[in-house]
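In the two complexes that follow, chain A is the common piece, with chain B as its partner first and chain C second.
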Partner chain A sequence: MQFLTVFKREMLESGRNFKWIWVPLVFILLGLSDPLSTYYLPQIIESVGGLPEGASFEIPTPPPHDVLMMSLAQFSQLGVLVIALMSMGLIAGERKSGVAELVLVKPVKYSTYVSAKWAATSVLVLVSLFAGLLASWYYVNLLFGNISFSNLLATWFFYGLWLLFVISISVFMNSLFKVPGLVGFMTIVLVILTSIMTTVLDHILDWSPAKLSPYIRMMLSEGTISGDLWATALITIGISIGLLAAAIYTFRTKEMA
Partner chain B sequence: MAELFESVNWALIAPLIVIQLILQVVALIDWFRIERTNGPKIMWLFIILLLNMIGPILYFVIGRRQE
Partner chain C sequence: MALLTVKNLKKNYDGSPVIRGIDFSINKGTCVALLGPNGAGKTTTLRMLSGLIRSNGGSISFEGLDYQTDIRYHIGYLPQHPVFHSWMSGKEFLVYVARLANLDKKTAASRADELLARVGIADAKNKRIGKYSGGMKQRLGIAQAMIHQPKLLMLDEPVSALDPIGRREVLTLMEELKQETTLLFSTHILNDAEEVSDELLMMHNGEIVESGPMEKVREKHRVDKINVVLQEGFIPDEDLITALPSVIRTEVARGVHHIFVTDTKQARDELLQLIQAERWPLERFEVGRASLEDLFMKVVDS
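Take a look at the complex of A and B:
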């Protein structure tokens, strides 16, 4: 029940901050931009590029799932940035201002406090991601070709895990540092590090969380969910839970001052 | 440029413009209600109004003071 109380308070807070308005809208914008700009690429080149008279080249129309993947890439860059910046004050800001102490003076467990905040952010991000993917999917279907709705749902589920992983990193950083700016910066650094490590150690890290996107691409083009994707999903969930546990632990052992 | 304008299907672009408008209006409403921002308040008004798309987002992410 305590969990629900903190969770509800966090939801109310996000509503007051307009997070429930602007985060979904930003994801929709990110989702729309790539199908549209890819579709209008020939016209854009024609009107701005100083091509010599008579020069023409064919731009092949990408297959539908490639366009959806472009939107995912957009979420991976700007979307992750927005999540990191949005969640950097999640706990750190409250510790700085003393609100956290007000909450924790009451018999609220650290684990409840941290996990409820994590859950509230996750719900917001997952809903936003769904809105963004839906927008992208609608435009892809309109302009490029068919992608089935079940594929969209699968993409949402697996890609959502990657974003939950990012939120978990952010919550963990929130427990380590008290300055929101530092939390945001370290979160982005850790996400980038994960991607770089996965690229460099590609042959060893077969199931790294950063591999979710490539496996989703494979799923979209081949139409089947590979075992690798499931394994990566499980690993990602595992690491996220580990990060949360670590966050609760450091939060508990650290002085609240 | 005129050709580009004609060739564009405005029904496709309309959602982008609507979303951009909503973001801007919400940011403005919040700007009026909020007491203090990070940095000079008047600066944020210009950022919200003049920078398309990015302005309101920047305001929400950075400009709002975490109390």
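Take a look at the complex of A and C:
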């Protein structure tokens, strides 16, 4: 009950401050940019003066799943930045401004409060991601070749887990710090650290959340979902739940307002 | 019957004590003023009672509640500087907090409307809170604290930041509220405490230095003193006053004769007789009622 109350209020706020417009829009733009720019690359080069005479340069047309992966790479960079920015004040902002003082003296469970906020952000991000992927998928199919809709859904599901992992980090940071800017910064630092660690310790961290992307690429090129992808997905879900639990725990033990 | 009993409550910030083990209880249906200078620990105490911050020792017990029950169902709290979601309307916010207090949808809406009318901002209920004035926000703050009909309503400095009109309105509102619930409010303004409350808790440096029913506290700190004001320009023969058997000494300040006596009843009769016999132009005659301000200053100075 209270979960829905907080969830709905969060939705209403995202609607009123136009998050429900600009976040999907950013993802759609990110999704569109790579299929279009890759396809029109020869024309773009031509229009800025072309290659020097005599230079022969074959630009191979990449396979469709490579183009979709380019879009995912966009989501991984700018998309993650957008998520960190839009969620950095999720709880920290309320604590800093003092609204939390009014809300938390009402008999609402801290776990409800934190998880409802997490859920509201997740819904917004997953919908935006779907819109972005759909835009990318449409142009990939139009300009490069076929990717099945079920593959798109699978990409959405598995890549969505990575973004939920990012949101969970942000919620956890929200419970640690009171300053939204610091929350955003630490979230990005942690996401980058996860990626770097995964690259450096590649041989040990086979199922790190940051491995979701490479496994999705394999899934798209080979057409089957590997055991590694499932395992990584499960681990990502596990870590996200762990982060959320840690956030609730910190929230409980800390003096909130 | 005590609604709330606090025993040996302590709070430290960074190792240094802010609240040094306070004990008090609040009876059902009373209006209690938590009085003290800035920094005495009033806000910290209220925040501990409301569950926003944890104590470093001691206990807070609520009548008829076991340890398991969430105390927040029974308290309403208005912080010193309430902040709302400014993009919401007054009504939306009230319904939101009502739902957080587990009221069902219908009750939440009707309770919100009722309280908005009650605190006098029904006209602005669909306006964004961002556009409310300070007084309106304070009244919305009281409404949100009352939304779930708490057994104990706690207001932190409810009138300190308001202009005289807003202050008067809120005090009148508190006067009404104390008819239906137990009220605990903090203030550093003596007049407010004297005006609305029945009981007094005076804090200083994290300790309760004085407490009890307003009248009893006054009685206790009663100074045996009679103040006499005579017509301006008239200078009485001080020796006649000091010659009275019950008078110890006199002081004159700003036209007021402060006459310190051994026994107020006897001194009153003697003085009145003297004034009548000498036909002094009497304007004011006041018997031994130490104001809270004297007490306040005494406590703060000591």
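Here, the second predicted complex is superposed on the first by the 253 of 257 C-alpha atoms of A that agree within 3 Å, B and C clash if a C-alpha of one lies under 4 Å from a C-alpha of the other, contacts with A are read in each partner's own complex, and residues count from 1 in each chain.
Note that contacts are C-beta pairs under 8 Å (C-beta built on N, C-alpha and C of every residue); 3 or more make two chains touch, one makes a residue touch a chain.
Fair warning: this is a prediction, and the values are worked out from it, not measured in the lab.
S.K.: Quick one: chain B or chain C, who's touching more of chain A?
M.R.: The partner that reaches more residues of chain A in the superposed model: B.
S.K.: Determine, under the contact definition given at the top, whether A:E222 touches first (chain B), second (chain C), both, or neither.
M.R.: After superposing on A, A:E222 lies clear of both chain B and chain C.
S.K.: Look at A:L85 in the shared chain and tell me whether it touches chain B only, chain C only, both, or neither; answer first, second, both or neither.
M.R.: In the superposed model, A:L85 contacts chain B only, not chain C.
S.K.: Just to be sure I read the superposition right, which of the two partners does A:N17 touch: chain B = first, chain C = second, or both, or neither?
M.R.: The answer is both, since A:N17 touches chain B and chain C.
S.K.: So in the superposed three-chain picture, is A:K106 touching just chain B, just chain C, both, or none of them (first/second/both/neither)?
M.R.: In the superposed model, A:K106 contacts chain C only, not chain B.
S.K.: With the two complexes superposed on chain A, say which partner A:V6 touches: chain B (first), chain C (second), both, or neither.
M.R.: In the superposed model, A:V6 contacts chain C only, not chain B.
S.K.: On the A-aligned overlay, A:L36 touches which partner chain: chain B = first, chain C = second, or both, or neither?
M.R.: first
S.K.: Is A:G93 touching the first partner chain B, the second partner chain C, both, or neither of them?
M.R.: The first partner, chain B, only.
S.K.: So in the superposed three-chain picture, is A:D202 touching just chain B, just chain C, both, or none of them (first/second/both/neither)?
M.R.: It touches nothing on chain B or chain C.
S.K.: I'd like to know which partner A:P180 touches here: chain B for first, chain C for second, both or neither.
M.R.: A:P180 contacts chain B only, not chain C.
S.K.: Show me the chain A residues, by the header's touch rule, that chain B contacts in one structure and chain C contacts in the other.
M.R.: After superposing on chain A, chain A residues 17, 97 contact both chain B and chain C.
S.K.: For the complex, which residues does chain B have touching chain A?
M.R.: 1, 3-4, 7-8, 12-13, 15-16, 19-20, 22-23, 26-27, 30, 53, 56-57, 60-62, 64, 66-67
S.K.: Show which residues of chain C lie in contact with chain A when the two form their complex.
M.R.: 47, 50-54, 70, 72-73, 75-77, 79, 81-85, 87-88, 96-97, 99-102, 141, 144, 148
S.K.: Residue numbers of chain A touching chain C in their complex, please.
M.R.: 1-2, 5-6, 9, 12-13, 16-17, 97-99, 101-108, 255-257
S.K.: Could you pull out which chain A residues touch chain B in their complex?
M.R.: Answer in residue numbers: 17-19, 21-22, 25-26, 28-29, 32-33, 36, 39-40, 43-44, 46-47, 82, 85-86, 89, 93, 96-97, 135, 139, 142-143, 180.
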